[in-house]
Each structure stands twice: as structure tokens, then as C-alpha cells.
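All chains are identified by letter, namely A, B, C and D, in their written order; residue positions are counted from 1 within each chain.
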Amino acid sequence: MRFKSLALAGASLLALTMTASAQVKIGFITTLSTPGGYLGEDARDGFLLAVNEEGGKLGGVPVQVLVEDDQLKPANGKQIAEKWLESEKVKLFTGVIFSNVSIATVPTILEAGGIFVSPNAGPSAFSGKACNKNYYVTSWQNDNLHESAGALAKKLGYKRMVLLAPNYPAGKDAIIGFKRTFGGEVIEEIYTSLDQTDFAAEMARVRAAKPDAVFQFHPGGQGIAFLKQWAQSGLKDQVPMVVASPSLEQKIVASVGDAAIGIAGTSHWNGDLPNEANKAFVKAFVAKYNREPTVYASQGYDAAKLIASGLKTSGEKLDADAFRSGMLKVDAKLVRGNFKFNNNQHPIQDWYEIKAVKGTDGKVVLQSGAKVLENHADAYAKDCAL
Amino acid sequence: MTLVLEQILNGLQFGLTLFLLAAGLTLVFGIMGVINLAHGSLYMMGAYAAALGAQWTGSFWLALPIGLLAAFAIGVGVELLVMRRLYGRDHLAQVLATFGLILFFNGLLAWQVGRAPLLMNGPEQLAGFIEVMPGLPYPIYRLAVMAVGVLVAVGLWYLIARTRMGMLIRAGSTQREMVSALGVNIAQLFTLVFGLGALLAGLAGVMVGPIRSVQIGMGEQVLILTFVVIVVGGVGSVRGALAGALLIGLSDTLGRAFAPSLLKLWMSGALADGLGAALSSVLVYLVMAMVLVVRPRGLFPMEG
Amino acid sequence: MMRQRGLFVLLLLAFIAVPFIAGALGNTYMITMATRVLICAMVAVSLDLLVGWGGLVSFGHAAFFGLGGYVVAIAATHATQGGDIFGWGGTNEALIAWPLAMLVSAGAALVIGALSLRTSGVYFIMITLAFAQMLYFVFVALKVYGGDDGLSMTSRNLLAGARITDARSFYWICLILLAVVVALVGRLLNARFGLVLRGAKASERRMAALGFPVYRYRLVAFVIAGAIAGLAGALWANLGRFAAPDMLSWLRSGEFLVMVILGGSASLLGPVLGAAVFLILETQLAAHTEHWQVIFGPLVVLAALYMPMGLWGYVRGRSS
Amino acid sequence: MIAALELKGLSKSFGALRANDDIDLSIREHECHAIIGPNGAGKSTLIGLLTGEILPDRGQVLLFGEDITHWSVPRRALAGLGRSFQITQIVPGFSALDNVALAVQGRSGHSFQFVADARADMRLRAPAIEALEQVGLSARADVMSEILSHGERRQLELAMALALKPRVLLLDEPMAGMGPQESALMVQRLIALKGQVTIVLIEHDMDVVFALADRVSVLVAGQVLTSGTPDEVRADRRVRAAYLGGEVA
């Protein structure tokens, strides 16, 4: 008990001495442990790269970025937010990767008068009626990922499809999102369980259903296992597959190798997008971290650039309205190119076709193709009163 | 009909993969009486070592011994540093210590190797299919995994029933004093057995590397299902682990394969898909509960 | 016994001091943190009833904690946003929702306990773990109540119609409930029931030979512990105004076990101490390095190897 | 007269081993009936079958004429079947008195009482003190049970069995690990019990057996070789051959 009070008193004393500086503090709550840790790691590194390039500033304002691991536990995200709001007087938050952490954490921040800029999660809970003028999503509304995949499947002319996703809300949302733009016939919806590592049974079902193509949404490790087993089962050469960005991103491709070749994906960003900002970003990222950036790194970087746009107008004071006017102006060159905020402060942007190809060095890399959707917004914006 | 056979084959294959993991865990419990939550971590370390080895050497066949050796070495290290202080202790201390090990190994890999999943390909020679019966092609690699599972089962049976070491192992679990009076170094024997358990975990990790994701936390994902397997089979019994693994593997796979279509006989398609998924995800736990009601100590309880 | 009581009072005074210290420092986060400690301490005390006093190593205690949290969150959701569950429109009143949370958790503990207690030792550990994991996946998949995303409450429960808005009043409520739980568990352990439970830990055969149907006593203990964990879950959901499947995850169960053992099992107040040290250590480490697990893991191992009596063993050892 | 304890055709096998094979035995009320036999004769299995820790493959156990073959251990205990353990089974952390009070509590039926301090309950304490006096341990009533000497623990073991006020008392090697002096004292105490309670005594020490037993049954290879008075058994040539010759000589 005595230890406890001492530790707490110590922590708060530390906090008091640190609040004396004139920087804007940015609270970067992200997932660094658990299997999802690499998403947070890349988002953080992308974000810090942008801060670094400006010499510790964003939009000309000196910033200090506090980073902490939420362990993919909603309560931890909320706890870190409370701690920083209170003892570090942080007003501007970002970094959260997963929707569940976001849903628990964001209300705490907004109620305390803080600002939240999401570099990844865009849950529908906050994109419609519950939108907020201090809540920005710079990546995508969750459904966009799957809508773009549905649009791609339609564009490729598939008529009868089997859809697979884990049996939890994000999986079901994926299937709903896909169907919204696909328009063809869904022969079967197969739900896998969230702890599943072997998909042989589902693949046999797909084989038996004889679809034109399949759409599957399995993020992270499950997606990797799915792609490996898909290639191994021989279905890869028989049934085309369409996926959204979380199931075909740089790390997944790197860890499945040849099994990814031939799969059709979509994304709002890729390393080979020809704009100048992107070329510079990829080069700088590789130079600094000695690895290729992922889509999460690009999102972290873009989030930083957008925050810079807000800080340019708000300055060190960080007045929420001034910040908002700067944010909505989008006075920044984003690596994904075309971007503006919708009325619900979620993106309106382009989605590209993506595919994995054998690079010149024998490694499998992602290559972007034609636009699948242009100036695509989300379906919830109409419910937002902003 | 082919579909049913294929799904049964899938179930057997999944069951044998589970067996690879369960065998080491149940062996260690049966002989030393310790519950090792970090068994999944040894599986992960084996897979990581093999994946890194494959990147380095460019060959699955070289990566295989690297993974096994690493798992064995880590197992021996863990036994010498931690486990041997836990033999006389209650399960509580064992649970706590091995829980700490899980955190450590996950943290260590994130820190030293990185958080992103690793690439690991199967051997070229085992790519492709064999037509196991007309109209049913099956991936060679999966058949190889099954073969390894069968080999491990036979090998363990031989080791325990027919060799001097097996005799010592059997005696070690019941009559420690007598065996040590015979001049056998029990401490060394236990280190070796724990290493063997770790090696089996590592083998499981290496074998599934090419068909699953080699990533942090991969051990915990399978740990609980492994527990279900050995609880159903009878903790400590290798035979039980095999029976439990096949039962769980088959019921899980067949549930996922056929529950939705069976339900469609009574209800609408979308509802059946949803309910079927929900049902098949809890099916293995229901099987476990049913086995426990009938046989609280599993299908093949350990004697004594 | 006297010493135990003296330490109880000391600990209580320390907890009473927290809001005043926090007030003096102008730091309300400290109160939230301390509330978290109180709630986890409550779970740890209930778990210790099984683990330390009953010799039943349950690795699925988080299931009851999570269930309690969900009961409150689901009831509040229906009360504020309409809809019903099993024909019931929900409530935002703590005096109804919290006992209900205890009741539901107790019911789940009755079913899980009835099956798990047919076994013992390592079987029991694995089976409680497996059942908890099953419930975890049920909530992850439960789309109506948010599934993986969790379920938010628009506000805290009303206590007899009154709002509990500020951190301080909620802290007092948690403190009072924890004190009541500790006192009741303390009484229970020295009542006839508790003596049977403790006797069965030492020798199940002896207790059976004395005419005690041990299974029944253990099941009742399991249900009581489940109910207390349910209450703690209800408080946790109120603290964060949020319930999520991670409340039921096996990692949580593991953390609760660590709290019990770190503090000292079979010591009544040890788990309270364990919860405090665990949470502070974890948050401090995580705040200072992203690789906190590499430090925290070995610390847990060392505690398991070299502190069989837990921290409480040292505290009591020094004061005697 | 109804036998206090009657076994009819009781059999139990473990795999191929017939641990108890068709055992018939009748134990009269208030007698002290010793069961002897060489190691591996099936005495432990028989104790298990009597107490209910092991269920038989065939046969019946009757307690005062009532069929208790399928009763659980606690139910048998409440019906009046008390026992002591070969390896002391006491609760550490509890005083000697606490341990015995627990036995009194067991006798009193259900213990689902959650609040009142059981240690302040004279309904439990008084009979417990009585039982401690009976075995000569009352001076050590407040000592923690794990601190007691081995002999004292054996006394405590007996006190716990007695506190249950059993009609039939199963004593599983009550002298195990005792020195000659302690052993003699224990014999004195058991003699004092004779006539008040039916005693089934499993014992290795032949001096003890012949000092205490009214009748003796000899168990060899899972079967009852013979039953009779100590003198009859002593005189039985088969017993000498199978057992006494080997062990006591």
C-alpha cells in the first residue's frame, strides 16, 4: 500500500515537471503486443517519420509524441487516455488500430474536450449519428474496405460467389459491406471461428460449391493461414479470390510469398502509387527503418500530415475549432493522393486494384492497378448532422 | 460422398496436427506431474527458429533440424532454470511460472525478431497433390503432416513400451526413489523428458509453419484446444492424447463442414449459416463436457 | 487473528486516504487507478476463496467477471436504447442490475462448476480454462451486443435513483463493497462452511470420511466466488462504462491468478495487496517500455519460484 | 442378531489382479474384529470397499442389515461408519481441537452456515474436547496440528474418528510408525473402547492383534482364508504356512 501511494505520487510529480514545456503533446495509443502488434508498430513508425522530417514539429508546431501499448484491451486504451488527459494534459490523441479499443477509448477523450484522429479504425458506431466534430478518421470507414472489394468483384465480372469471414461483427460487417457493391449472387456465406487455424473443411465446401470466385476476410494471422492453405489445396488455380486490404497487405504478402500471387485485392494506398509525396515517403521510410512500409505505415504518416494541417491553423494553443478548420482544409500532400473529408469527417478517396506479383529480386510484392472506386465515401455520412 | 470422405480426411489431418502438440504436453505432465502453459511458446519458438532457419539457409530440410534443435535446447534451458524448481510444488506455482514464461517469450520475439509474421514455405518436394481416391486430390504436404503424426505416435509408443529409457520414464512417474536407488539420475532423466516434450512441440511448430501463420501468440491460439484434447483423452496418457486429438479434430472439422447444411434442412440459408457457425465454434467444448460427464478422468485415465 | 484485523484496518485507512491524497495533488486519474485496484482486488479475493482456501485452481474466473460486466451493460443498453432481452426491457438502476449480475454469474458458475468439479487437479485447471474460453467466443460473436467491439453504456448506473458521476463517489462505493466482501469472506472462512472448505483442501478423503459431501461444498464455494466476481465485473463495466469480451479472456484469468499468488494465497488480504502491486507494476512498466513483457514475464516467474507465501507473507512476517 | 457389518461375495479386480475375491465376512456388534494378512493380500482394497472409496465389481456390504454397497463415503460416515487412516489425514493450520470439532461438525449434518464463527460454537467444541480427553490429547488441544509429534497425530486421528460417534469404527493400522511405548498406550486406549463400539482393526503387529481382537480373519491373496478367535487362528496350520510362518516366525 505504501509502495503504491509512493509510486503514484512519484508518477504525478514527474507529470507536473513535464507539463511545463510548450510543446503540443500527442497521445499515441496503439497496439504493440499481441499478434496485432505489427500494425501498431508500423502506424507509429510512419507517424514518427513525419514528425522527424519536420524536425520534431508538425505544421510548424513543436510536438511531443507519447506512445503506449494498449495490448488490444479496450479498457487499457481507455485507461491510458484517462491517464494522459489527467496527468499529462494531453488534448490530441491518435494511434488506435483496432475498433474495439477505439469504441472504448474515444468517448472518454471527446467528453474530456479532447480531439481524436484515427489512423486506422473507422467503426460504424461513430461514423453516422454519433459523429463528432472533434473525431476524425483519416484512414477509411471500416465498410469501405469491403465495398471496394465488392466493386472489384463486380468489375471483374464474377456472378456467383462464396463469401468467407470469421463469426464476429467485423466479419459480418465485411460480408455486408462486400454485398453492398457486389450485386451478384452469393451462393454461400461461410463463417469461420475466430480461433481457427485450419481451413481445410471450409475449402472443401468452397470446392463443392463451384463458385465463379470467393471473397474472404481474415485479418492478420488467420488471413496468412488461409492464403497458405488455399494455395496448397490447389484452389488458387481453380477459383479466383478477391480480398480487401487487411487480407492482402505488405506483411501478409511477405509471410505467404508465392501463395499471394494472382489474388485480387483493393487498397487506398500502395508503395508504387506514382505521386511525389509517396515516392519520397517510401524512400525515407526505407532509409530510416530499413524495411518496406506497409499500408499501416502510410496511414500513420498521412494521419501525421493531416494533424500538421490542423496544427498550422491552431498553433500551440490547440483550440479545437481552429484545429478543425485546418484539418478540414487538408493542407497536406498525402501519400495516397486524392483525399478530402466528408461531412462526418471520414475520408472521401480513391480505391485501387492491388495484386501480388513476383518482383525483380524474386520477392513477392504488391502492385497497384486501375482505380476501382473514385471519390468513394461511406454509407453512414448521411446520418451525420455535421 | 467424396465430400464426406474428404472432410473425414481433413478431420483426421487436423486431429493428427493436434496430437503433435498434445503428445509433448501430456508426456511432460504424465511423467513429471507439471502443467506447462508455456508448451505453446515452445511450439512458437520451434516455428520461429525454423522460419528464420529457412530464410537463412533457403531450405526447409535444413530448417527442420534447426527448429527441432532450437525447441529442444530452449526446453532444456527452461527445465534447468525454471521447471526443476517446480516439481515438488503445487499446480498453482506451475501455472504462474509458466504463465510468466508465455509473456516473456512473446515479448522476447517482438523485441528481437519483430512483430510481423514470418515467411515459411513448405519443401518443393512436397508441393502438389496426390489423388487419394478418384476425384479426391489431396495436398501432399498435408499427407506428410499426417504421416509425421502417425510416426510420432508409433515412436512414442515404442519409446515408452519397449526401451530402457521408456522403462525409466514409466518408473520415474511412480517410483522415483526406487529408480534413483538403481543409480539413474532422475534429474537428468527429467531434463531429457522435458526436452523431448519441447522437441515434440517444436516439431509441431515446424510442421504447421508452412500451413499456418508463424507469428507471436500462435502458441496461445492452439494451447486451449490442446488442453481440451488431453482432458478428453486423459491427462498423462499418450494413447489418450491420440484418441482425444482424433475425436476433437474430427468433431471440429465435421461440425464446421456439415452443421450449416444440416441446419438448412430446417431453416433459412442465412440463419443456418450463422447458427451453424456458432454451433461448430462451441462444438468441441460440448464434446469435452459430454466426455467429462461420462468419464471425469478422460477416455484413457492414467493409472494410479 | 488480532494481527489480521489490525492489518485490515491499516489497509482500509490507506485506501480511505487515496481520494484525499489525490485531491491534494489535484490528480483524479489516481482515483480511477485506485478504483481499478479495488475492483481487481475484489475478483482476486473471490478467486482466492477457491484457489487459496479451497485448493481449486480455477483458470476461468474471468468468465464470471465478464458476465457480470455484460449483464450491467446489456441491461443499461436496453434501458436507454430500447429493445428487450428475454422480454425484459433492462434497467439502469444499480440496485437491480448489480444483484442481477451476481445472480447470472452465480448461475454460470453453478453450471461450469458442476461439470468442472467432477474432476480435480490439472483437469480442473484446464477445464475451467476451456469453458471460460468458450464463453469468451460466444461474446466475441454476439453481434447484437457489440461482439468483439464491446458494448458501451451511455452513463453509469443510477444508485437508488441517484447519479454516480464523479470518480470520488464511485471510488467510495467500490471501497465499501470491497470491505463488505472481505469481511463476509473472512466470516465465511471461519464459519462451519469455511472450515469444511479448508479441510477439504488439506484432505478430501478425511472430509468425506467425516460425512461431508465435499463436492457440494466446493460447488457452493465456486458459486459464491462466481457471484462476487460478477459484482466486480458490474463495477468494472460501470467504471469504464464499457463491457468487452477481453474481460472474459484467458489472459485476464491468468492475471487474476497472478494477483492472488503475488499477494499471497490463503491470506484474505494478500490478494488485495497483490492486485495493487500487479496493476501498478504493469502500468508503470508499460508506460516506460514497449517491451514490458520481457521484464514482467520473468518477474512473474521469480514470484512463482521464490515467493510461495506471496507479498503478504513478508508483510505478516515482519509485523510478527 | 443382525451383524454390525456384513460382506457378501464382495469382489474387486484391478485389471487382471483380483484384489478381493468373493469375500464373505460377518462382524458382530461390539466385537473387535481384526483383519490380518501379508502384504498384497488385499487389505487396503477391503478398507476401500468398506468405506466406499472403492466400489465393488460384485457383492454387497450391509451395515446393520442395511445395504450400503452403493452409498457414497460421506453417507456411510453419517450412517455410523467411522474410520482412521493409515497415513494421518489431519488439517494443518488447524489446532488439534479444530480438527476434532470438524468431525463433530460432520456428525451434526449439513454445514451450510456462512457467518457464525464455528470456533466459538460450544455445540462443536464441547464434544470435541470430550473426544480429545478420550484419547488423552486434551492438554494439546490448542496446539497446531502440524506441530504435534507423530504419536500425538495418531491420537488425533483416533479422536477424529471417535468424535463422529461411529457405530462401526474402522482402524487402518492405528499403530503405524509408533514406538513400543506409544504403541502400548494406544492399545490401552483401544481396550477401553471395547464393548462400546464395533471395531474393525487392520493391523500388522501381531502382539497388538492378539491383545485386542475378539476374532481374527486372515486375508490371503484376496480371499478369506479363515476366521476365528485369536487362539483358533494361531493354531491354524494353514495360517502358519501362508502367513505367520513367513512374517512373524
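The criterion applied here is as follows: a residue touches a chain if its C-beta (ideal position, glycine included) is under 8 Å from a C-beta of that chain, and two chains touch if they have at least 3 such contacts.
What you see is a predicted model, and the numbers here were worked out from it, not measured in a lab.
So how far apart, in whole Å, are subunit C and subunit D when each is placed at the average of its C-alpha atoms?
43
Using the average of all C-alpha atoms in each chain as its centre, how far is it in Å between subunit B and subunit C?
32
Could you put a whole-Å number on the gap between the CA centroids of subunit B and subunit D?
Distance between chain centres: 46 Å.
Which residues of subunit A are in contact with two or more other chains?
Residues 32-33, 167, 193-195.
Could you list which residues of subunit D touch at least two other chains?
none
Which residues does subunit B have that touch at least 2 chains other than itself?
106-107, 110, 224, 277-278, 281
Taking touching chains as linked, do they make an open path (line), a single closed cycle (ring), a hub with spokes (star), an all-linked set (complete), or other?
Graph shape, chains as nodes and touching pairs as edges: none of the named types, so other.
If we use the touch criterion from the header, which chain pairs count as touching?
Every pair of chains meeting the touch criterion: A-B, A-C, B-C, C-D.
Under the definition above, what is the set of subunit B residues touching subunit A in their complex?
3, 6-7, 10-11, 13-14, 17, 106-107, 110, 114-122, 127, 129, 137, 139, 141-142, 208, 210-218, 221-222, 224-225, 253-254, 256-257, 260, 269-270, 273-274, 276-278, 280-281
Report the residues of subunit C in contact with subunit D in the complex, numbered from low to high.
It is residues 184, 187-188, 190-196, 198-199, 202-203, 205-214, 217, 220 of subunit C that touch subunit D.
Within their complex, state which residues of subunit C touch subunit B.
Per the touch definition, subunit C meets subunit B at residues 51, 57, 59, 115, 118-119, 121-123, 125-127, 129-131, 133-134, 137-138, 141, 250, 254, 257-258, 261, 265, 291-305, 308.
Name, in rising order, each residue of subunit D that touches subunit C in their complex.
Those residues of subunit D that touch subunit C are 51, 53, 72-75, 77-78, 82-83, 85, 89-94, 98, 101-103, 105-107, 111-119, 121, 124, 160, 164.
Spell out the residues on subunit A that touch subunit B in their complex, using ranges where they run on.
Within the complex, subunit A touches subunit B at residues 32-35, 37-38, 41, 167, 188-198, 200-202, 204-205, 208, 220-225, 228-229, 232-234, 251-252, 254-258.
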